[in-house]
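Take a look at the structures below.
There are two complexes below, and they share chain A, which is joined by chain B in the first and by chain C in the second.
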Partner chain A sequence: MNGIPYAREYKVTLCHVCSYVCPEDAHECPRCDSPVHRRKPNSLTRTWAFLIAGLIFYIPANLLPVMYTTMLGSSSENTIMSGVIEFAEGGSWDIAILIFIASVVVPCIKFLVLGLMLVTCQRRSTWAMRERSRLYRFIELIGYWSMLDVLVVALVAALVQFRGLSTIEPRLGILFFGLVVVMTMLAAMTFDPRLIWDAEVEDVR
Partner chain B sequence: MSDNTLPPSPPTRPQVKARKVRVSLVWLVPIVAALIGLSMVVHDFLNVGPKVVVSFLTAEGLEAKKTQVKYKNVVIGIVTDIELSDDRTHVLASIDLNQSAVPFTRADTQYWVVRPRIGAHGVTGVDTLLSGAFIGADAGSSEETKKDFTGLETPPAVTFGEKGKRFILHTDDLGSLDIGSPVYFRRIQVGQVVAYELAKDGKGVDVEIFVGAPNDQYVLTDSRFWNASGVDVTLGASGLKVSTQSMASILSGGIAFREPKYSPDAKIADGNAEFKLFEDQATALAPPDGEPKYIRMRFNQSLRGLVVNAPVDFLGVNIGRVVSVDLDYDAATGTFPGIVGAVIYPQRLGAANDKLQQQAGAGDDEEKTSRVLGQFIERGLRAQVRTGNLLTGQLYVAMDFDPKAPKVSYNAKARPLEIPTVPGSFDKLQEQLQAFVDKLGKIPLDDLAKNLNGSLIELQKTMKQVNSDVLPQMRGALQQAQKTLGTANETLSDDSPARQQLGQAMEEVQRTARSVRVLTDFLSRHPESLIRGRSGDAAPGSYKGSSSSREIAPEPAQ
Partner chain C sequence: MNSATPTPMTDIPHRQAHASEQPPAVAETQSRADQWIICEHCDSVYESIPLNKGEAAYCLRCAAILRRSHRLTVEQLLALSIAACILFIFANVFPVISISMQGLHNEVTLWGSVQALAQGQITLIALVAGLAIILAPALQIALLFWVLAHAHRGQIAPGFKMCMRTLEHLRPWSMLEVCLLGILVAIVKLAGMLDVHPGAGLWAMAMLMVLILLIAGKDIRRLWDELGVRPE
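And now, the complex of A and B:
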């Protein structure tokens, strides 16, 4: 082994919260009392669980209507995709693309990327580790923005309440969509990116 | 060693809690998610109602996945798909009904598109102006169910379960009636037209009306229905007549019904009873006409003003109407007689008809009528075209007894029955006037004028002679007369001798008269003195001056 030695060679580990270097067998950080682990515990399993839950929620989130609009007596219920199509057909390409990216592309990318991470980590693959780790940072970054849809619906539903003229109400789909976002964020949180690099070393654990 | 070097590990390791179950609790999250998803799928699956397909003529206003199906304004389903039928004559709307809407698959369920409609009896479906059309549904009562329905083009007038009765009306033509046209009873709307169709043989229209409870009890077995559509303007022999039912019926048409004034044993009519729809109130409420009889008349005169439907009068009673006015050509005389066909309703004669029927004796109806008519014609029954209205020149056919009419032969076997005619009264008057004018024309006015002229010249001559000869002589005679009168005047004046002598003479006469009276008095008292002469004491009374002549003393006996 050349270069900088690994922490475990010194039998130390890093506190997740305050980055205090703790002895390897410490269970709590001596400085901030938070639990100390060498890696996030059960990271792969938990990530898998959240990812699968997210995938399951993603189905009703797309099938159920997210928004109910009443405009001068004409009422309609829109799912995410029908809203996108409606905007696209109405000529508002920009808005259609924005919504499409925020509510379809981003969650799908997250599912794919996390799935990829999990599979490669489990197989201890050493393929493109640097790129994978960059991907992970990207996932964490765009994670917040997937809530865009939920925020739009919440805002619009709160603002557009002109009884009789036009009303917008949220529908069940948006709850599932919110759950999808929460699940993917949890999945991204529970995933320990250091696992990517563990494949470098033969004897992890 | 710095501070952050590891402290020596504690001698006793903390108790490590060994998990009995190896499966991480985090798996509960996807399990819960799956359960939620599964429950929704199950819920949806259980809530899936029946699917039906409704065909409409047009998909105007319908939109897949948007258009709702409503019953009493409650959403019971949604249109999932709209496509053309195979033969492209209509559109098929696939509808997903809710689980609760199972009754709407009954075979007699009705579906129709609710669009904004503006009619005479109001505006409906205004809310659909903004919200877009929706499909209205009305569940039937049938036991059977089906999946394919034919949508109505207009909303049904009566919703299912409404209490009331339906009746069928037969009429010649629909007029301005339409589905939803009101039905009036004493000018109160009690029902409406719900359907109409051509009669099976195409010779009329069957109109189905619905009269809601409790007003359906006023429809009796002998109720009369008539068409109260619009404004009925008739310009006939009886003048201008305008009749209407209500403002709404003027615009959209309507039906009115009523029982006749005399209906002894009328019962409440059953549902689906059939009635005749009359043209107007007058004909509807008139007593039934009975069987019509066709008659024909030949008129040798212009029939200008005689129109179809002109009345036929018998002694002033309207017994029928003209049905045809045609021309015929008579080769023998080279004239064009007018052939007038008419129907008469003998029953309109009332009691007279019954008596005539008894009198006519045996035989079938046609024969009886023919026989009765034959008798009438023998007694002078003639048809005549008369002017009913001088203003409009409308004519009508009048049948009257004319004893002076020339005899005609009557063919009892002819069909239709032929009734002889006489020229109309107006024509007669015209003829007489013509004859009078002709006579006037024959007077030799020229000769008369010449004679008169000669006489006048003669008169002028005479007058000249009178002026020149007679007048001067006349003047002389008058002067002479004046002289004579002057002389007479002088003679009779007060101081003339003649006048004085006359006065004396008159006095003498007076005296004489007195003496005569004395004499007569004496004589009446002493009539014997005429023979014996006057006795001594028998002096005239007047000389004694005692009594009047009337106091006659009794004669002393001597």
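And now, the complex of A and C:
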């Protein structure tokens, strides 16, 4: 399209671990001994698998409580959304928005964007390739911020341990939420952004 | 970060391809390949050119960063990794938050917060959190110190390949910046119901986070070239 040569035209492949330019037929990087592939193996299938696993875990992550609080005799269970609402009602709008972005917006954007990547790559679409490349780098960048909620629950549960007076305990929901983050991170890692550009060429793989 | 000027790499392989109308022979390719840069996001090939301080090279096809000029020398990186090592110990030994309520007092370290998650069914998530905020940063600092201390003397550290590969795989799982934000959120969250005091560990964490961003980036791949590690 714009004439910049692709690696395959020069019979070379990039090593993702040390950036060495390997010969195309190499299975291991001659410099750092890591496995080298022209494209990440079964990228689309694996990304679909991690993405769907993440989506499934996302349901219990939102429905099950993440935290159990006893405060002077009264006890309550919080899900992720009810925690956000509690902050908002308490007047801490900034923190409510921060947690809402980290634990709801970021995972949802990741699901949508990765889904979009997978569908457009499977259709070999040439639509907005540059923008899709940017979008992929963006979700790679923001992905791990969702761990915020897990770490907040861990810190709070470790701190508030006054037996008889007030305790906070983590609940099952936080496990599923953590798994959602791990699954979407793995999905983003197994997706090969070079597949976006393979649509330009006829004989790929 | 200073404004990096996009430096389109001169793509000599491309011009050559046009002149000869056929790709170069494989042997010729490999001998020249040392000066090539391949974009990891779209597989475009460019001829590498030296960058000035503060410059970065962008891919013309997908706009990803191909390479950045090195901001720090190997000595500076080594010094920062020693500082990071000391700060890491502080961040783990001292409590990050302490609270008090009706005469009762409690405080938490990073390890304590990981332990709080290790309960019955949800122990798995304690492992993820432990990797993200303790194990991954600790290994990163130790491995960086090992390879940089040898690189400083112009040597290739024993186990260099394995260290560098491990550093690459650890990078996405090291989440100190998220942990720092988590500590701040936890402080605000608890400030509503009891007295909260940031601990000494928090300040160490904040400085450690900056150092990790400076030393543990992809920039460390330069050691492969600078130490002249040759493929077998």
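A few comments on the model shown:
Basically, the second predicted complex is superposed on the first by the 202 of 205 C-alpha atoms of A that agree within 3 Å, B and C clash if a C-alpha of one lies under 4 Å from a C-alpha of the other, contacts with A are read in each partner's own complex, and residues count from 1 in each chain.
FYI, contacts are C-beta pairs under 8 Å (C-beta built on N, C-alpha and C of every residue); 3 or more make two chains touch, one makes a residue touch a chain.
This structure is a prediction, so every number in the text was calculated from the model and none was measured.
Of the two partner chains placed by superposition, A:A199 touches none, neither chain B nor chain C.
With both complexes superposed, C is the one of chain B and chain C in contact with more chain A residues.
By the touch criterion stated above, A:S76 is placed in contact with chain B alone, chain C being left untouched. By the touch criterion stated above, A:D33 is placed in contact with chain C alone, chain B being left untouched.
Of the two partner chains, chain B is the only one touched by A:T45; chain C is not. In the superposed model, A:M129 lies in contact with chain C only, and not with chain B. In the superposition on chain A, contact of A:M183 is made with chain B only, not with chain C.
In the superposition on chain A, contact is made by A:I56 with chain B only, not with chain C.
When the two complexes are overlaid on their common chain A, residue A:P23 makes contact with chain B and with chain C alike. Shared contact residues of chain A with chain B and chain C: 11-12, 20-21, 23, 179.
Of all residues in chain A, only 11-12, 20-21, 23, 25, 27, 42, 45-46, 49-50, 52-54, 56-57, 59-60, 72-76, 179, 183, 190 touch chain B in the complex they form.
The touching residues of chain A, counted against chain C in their complex, run 2-14, 16-21, 23, 29-34, 71, 87, 90, 92, 95, 98-99, 129-130, 133-134, 136-137, 144-145, 147-148, 150-162, 165-166, 169-172, 174-175, 178-179, 182, 185, 189, 193-194, 196-197. Listing the residues of chain B that touch chain A in their complex gives 4, 6-7, 9, 13-14, 24, 26-27, 29-30, 32-34, 36-37, 40, 66, 127-128, 130-132. Those residues of chain C that touch chain A in the shared complex are 11, 13-14, 17, 23-24, 26, 29-30, 33-34, 36-38, 40-46, 60-64, 96-97, 99, 101-102, 104, 106-108, 112-117, 119, 121-122, 124-126, 128-129, 132-133, 161, 164-165, 168, 172, 175, 178-179, 181-183, 185-186, 188-190, 192-194, 221, 224, 229-232.
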